[in-house]
């Protein structure tokens, strides 16, 4: 008897919370609003934990555990999409991450948003987001997942545009939504193809069907399987901000910081990776698609990292780092190391959320200032935040004991081992790792070391106006808002540590980002890679990836098999362990190099960066302006679209055709009327003439008929 | 032979009267020429054996309607027509129309002239009053009554229109 | 009987009848002036010839010799045409009036009627719509009067002609309808046929004349006829007191004479018609002892007597009755005579239908 | 024996003259008279055909044999209609003259009396 976990409670609770806050929030006091929000999210987290605990593998409940609600949702002919919930190892991880990190961020935002306007609105949106994310994660078919997918897009739009009075925020929200929609378009096409070929969208039936290789052989060329995989990939790039459709994430920083933390670091952006991981069976049978995946992943990782280096806004740096880390995850999925990808996703959720919340706390501390050049020397003023940020920075850079070291290493080794162009990708990966640690430590040094210079002139004209305006605008709103409750004078003099309600989640996250990695310690370092085994049943290896598995990973049942294997193939193992060590060493070295450079440029000799930028003017500008991608898109798509719609649709069609027709009909009848009016001249003899002509005509016709 | 001579004579009188109707400037002259036309038509009817119709033609047309016309012309005494430039349409559309009409009819008559037989001076009491009367009051009784109603309405109309608004 | 002889006979008959008619007209004028004179207790013309018998001749010569003056800005054509029109229209009706049975002269028998035709089998037939023709001609006769007044371009004559034509049009109706009674009884439109149908007698001595069954018809006819000929009670058009001479004011000499003759010929026509339709035409007691030629002419004598009676009636009435006012005249015509005539027709047709 | 077509030609000529008068004349009464002329032309053809059917009995398409005298009856009805029309027409002409002081048809073009 499979125990009924009624999983539907988990997403429903945040929905109820959102409804209550949304409908009655205006009349509630802030405390009550936050109480409601926290209560429902907390209970949902508890329920999820209980559900995961009861359904833990080996606890008698067969995974994947599917529960479908009784009432039908969409039934059309033989196609039906029920309200079904799907719990297996992958969704367990995701549920825990989403509810856990989500709850912590809720707690944090109680403090952070305390003195902002529209408090109840913020929390109802946040709860709404939780509802949609949980639906996405727990759905048992692509359609319900798509509902979550769109819902999450909506929530991100609402939250990015929270300060809707600011044009830039509204535009950013709009941009995020539109870019996501473009991605969703691809996802839809993919779903259509799946429906066409499988007749259903339910995961279990699709993946079981894919198992028998006879009916669905590996798709060598560009068959429909590859196409559908690519379409799913497009959806993922849209949602997880990969190369072509990443432009919305940096602008999404317009929203309040907890939003960026929750949505643009921990949960929403990972949806794409989750989707790829979830539909790994499809991708495994489409090698070309996989190639495309890891190409995009690698590109995104590298470029985002380079862009991150030149940013001066603290949140933008973190945004680009998110994009680059997501690039890593997609790269992992690309080389069929899905487990590694998910592992990195989990650890990333912890330290990236921590980084964002830390940055939020910093911004909160100095009264809303986001530009790093105006920060400095905050080490002593906000010590707790400093230590928490230090942990996060060292984690993301990839230093050994911390979480990211393990997950990133997993990915790099997976990449290294992958048969097609593994070594090149690995090289790029390591360079990106170096860059990542460089710009993180740059941020670290600029924010916490040196002296506090609130009035630093941001005179560098070449800075993108948007950024500048944003900072100023946000600053003012921040000032205004903080002015409201911050009694002691102008913001800069009153640098104060954030209240404990904000610091507690930071500390927890810091602990998690330290501990998080230990779950997946690789075999060579003594661990038995628990996360790997945990996810293995979900991620049965694709044919293409089997060699990689043998090279790097042993079979699921613990180290003894590994040892036998090692004896059986000594050299493979040898090669394997020695290369393993080498890889790990190189990645740590890259991280250290990044630290040293950052220390050198931003602590030791702060004037160096200006000299370097002066020398490599062109390159610096290029990077600063984010390779002119936004402008490119604008010119390539937006302007022609606008031109098309004004010239062709509006002027040509609407004005010319439709109005033309309508007015034309009017003027034609007027003209005809005018002509005929002359007939009624009152001149009797003209009437006579017409009568005669008529008579003649009738006679002629009759005769013609008669004679004929 | 006599029939043809008489027909041609009366026909010519008819046409002459009709042309005179057009040519004359003063309506009284054209009215009288119309009376001549009607009288000659009455005679042609006699040729065709239609005695009753001829008599009625004389009494009703020549004797009543034309008298009415002459009476109105005398009463109004409007003088002869002045040469106002008439509507061009009448000339450019009407005249060709009539020409076309006449042409068509003439063509038809010439075309089918052959098949139609001749018309003889009927000696028998063909068009006598009692034959026409029997037909009129038996087969065509309803139209007869309807025309009487028509006449009644015409009389009322004439009275109402003719009355001087006081 | 070939056409040549037919034409000769016709010409002779026409000449004879016209001559008799005109002299009759002339001497009617004399008779009228003598009678009116006697009525008004004076002698009338006595100077010219014994008892003024040559007076008509003198008048004739006078009319012929007088200057034929045509006033200017007069519609010349119509001015001259209208008297001729009046005279010819009135003369035409004589052609249809039968005087008697037949007469054989020099072995050739012919009907005593201008338009009468004697067939080989002795049957006499005349125009079978004679009455209609007379009605037609009288209605066309209106033109003469109307045009005369209008063409002489003077107020009085115009007013006179308008009144005359209005009067004649209105009374024409009554005239026509009054005769319908007789048609119902006789069943034919030809005058000879009507006269034939009046031969014989009712209960012995009463002659079968239509005067007795159609007494109302007779009176309507008489009044309408008087109006048609513009004679005294209805002679408003040329009422001397009001319109100088009515429509023939501007006329002089011969044209005036024509109008005058036209009027008297009309009187004669009316008289003949009355005697034909109501007094049985030439039917009268026949005396066997007369020689054949006299025997043949006796009916004509009867007919002449009856006509003379009516002419006498005309003149008698002229001498006694005053003139109608115009509205009385019109009202009498439309509101009294016409309904009466229609009533008469209805009654007669009921009797005939009941009889059949 | 006169061929029927002569009568029809005469009728056509009279009719055309009537239409010409109807078109070219400017005096309302003259126009009215030309209409009467047209009606008379039609009457002539009726009577001519009546005589023609009398001497050449024929059957209608529906099998009913043609009644020769119907021509005369029809002429009778035409006359009645013409009389009615003349009466009303002349009354209108008088009314027009009373307000317009002219009988010229070109001046009477205000679509009301």
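So that you can tell them apart, the chains are marked A, B, C and D in the order they are listed, and the count of residues begins at 1 in each.
Quick note on the criterion: a residue touches a chain if its C-beta (ideal position, glycine included) is under 8 Å from a C-beta of that chain, and two chains touch if they have at least 3 such contacts.
Keep in mind it's a predicted model, so treat the numbers as computed, not measured.
Chemist: Going by CA means, which chain is nearest the middle of everything shown?
Modeler: D
Chemist: Rounded to the nearest whole Å, what is the centre-to-centre distance of chain B and chain C, using the mean of the C-alpha atoms as each centre?
Modeler: About 29 Å separates the centre of chain B from that of chain C.
Chemist: Averaged over CA atoms, how far is the centre of chain A from the centre of chain D? Could you give it in whole Å?
Modeler: Here chain A and chain D have centroids separated by 96 Å.
Chemist: Could you work out how far the Cα centre of chain B sits from that of chain D, in whole Å?
Modeler: 5
Chemist: Calculate how many whole Å lie between the centre of chain C and the centre of chain D, each centre taken as the average of the chain's C-alpha atoms.
Modeler: Those two chain centres are 34 Å apart.
Chemist: Give me the residues of chain D that touch two or more other chains.
Modeler: Touching at least two other chains: 19, 23, 26, 106.
Chemist: Touching at least two other chains at once: which residues of chain A meet that condition?
Modeler: 681, 683, 685, 688-689, 692
Chemist: For chain C, write out the residues touching at least two other chains, lowest number first.
Modeler: Answer for chain C, listing residues that touch two or more other chains: there are none.
Chemist: Can you give me every chain pair that touches, using the contact definition above?
Modeler: Chain pairs that touch: A-B, A-D, B-C, B-D.
Chemist: Flag every residue of chain B that touches chain C in the complex, lowest number first.
Modeler: 28-29, 32, 35, 39, 51-52, 55-56, 58-59, 62-64, 67, 70-71, 74-75, 77, 125, 128-129
Chemist: What does chain D use to touch chain B in their complex?
Modeler: Per the stated touch rule, the residues are 1-10, 12-21, 23-27, 29-30, 32-34, 36-37, 40, 43-44, 47-48, 50-52, 54-56, 67-73, 75-77, 79-88, 90-95, 97-98, 102-104, 106-107.
Chemist: Can you name the residues of chain A that touch chain B in the complex?
Modeler: Those in contact with chain B are residues 681, 683, 685-686, 688-690, 692-693, 695-696, 699-700, 703, 707.
Chemist: Could you pull out which chain B residues touch chain A in their complex?
Modeler: 86-87, 89-91, 93-94, 97-98, 100-101, 104-105, 108, 111
Chemist: Could you pull out which chain A residues touch chain D in their complex?
Modeler: Touch list, chain A to chain D: 680-685, 688-689, 692.
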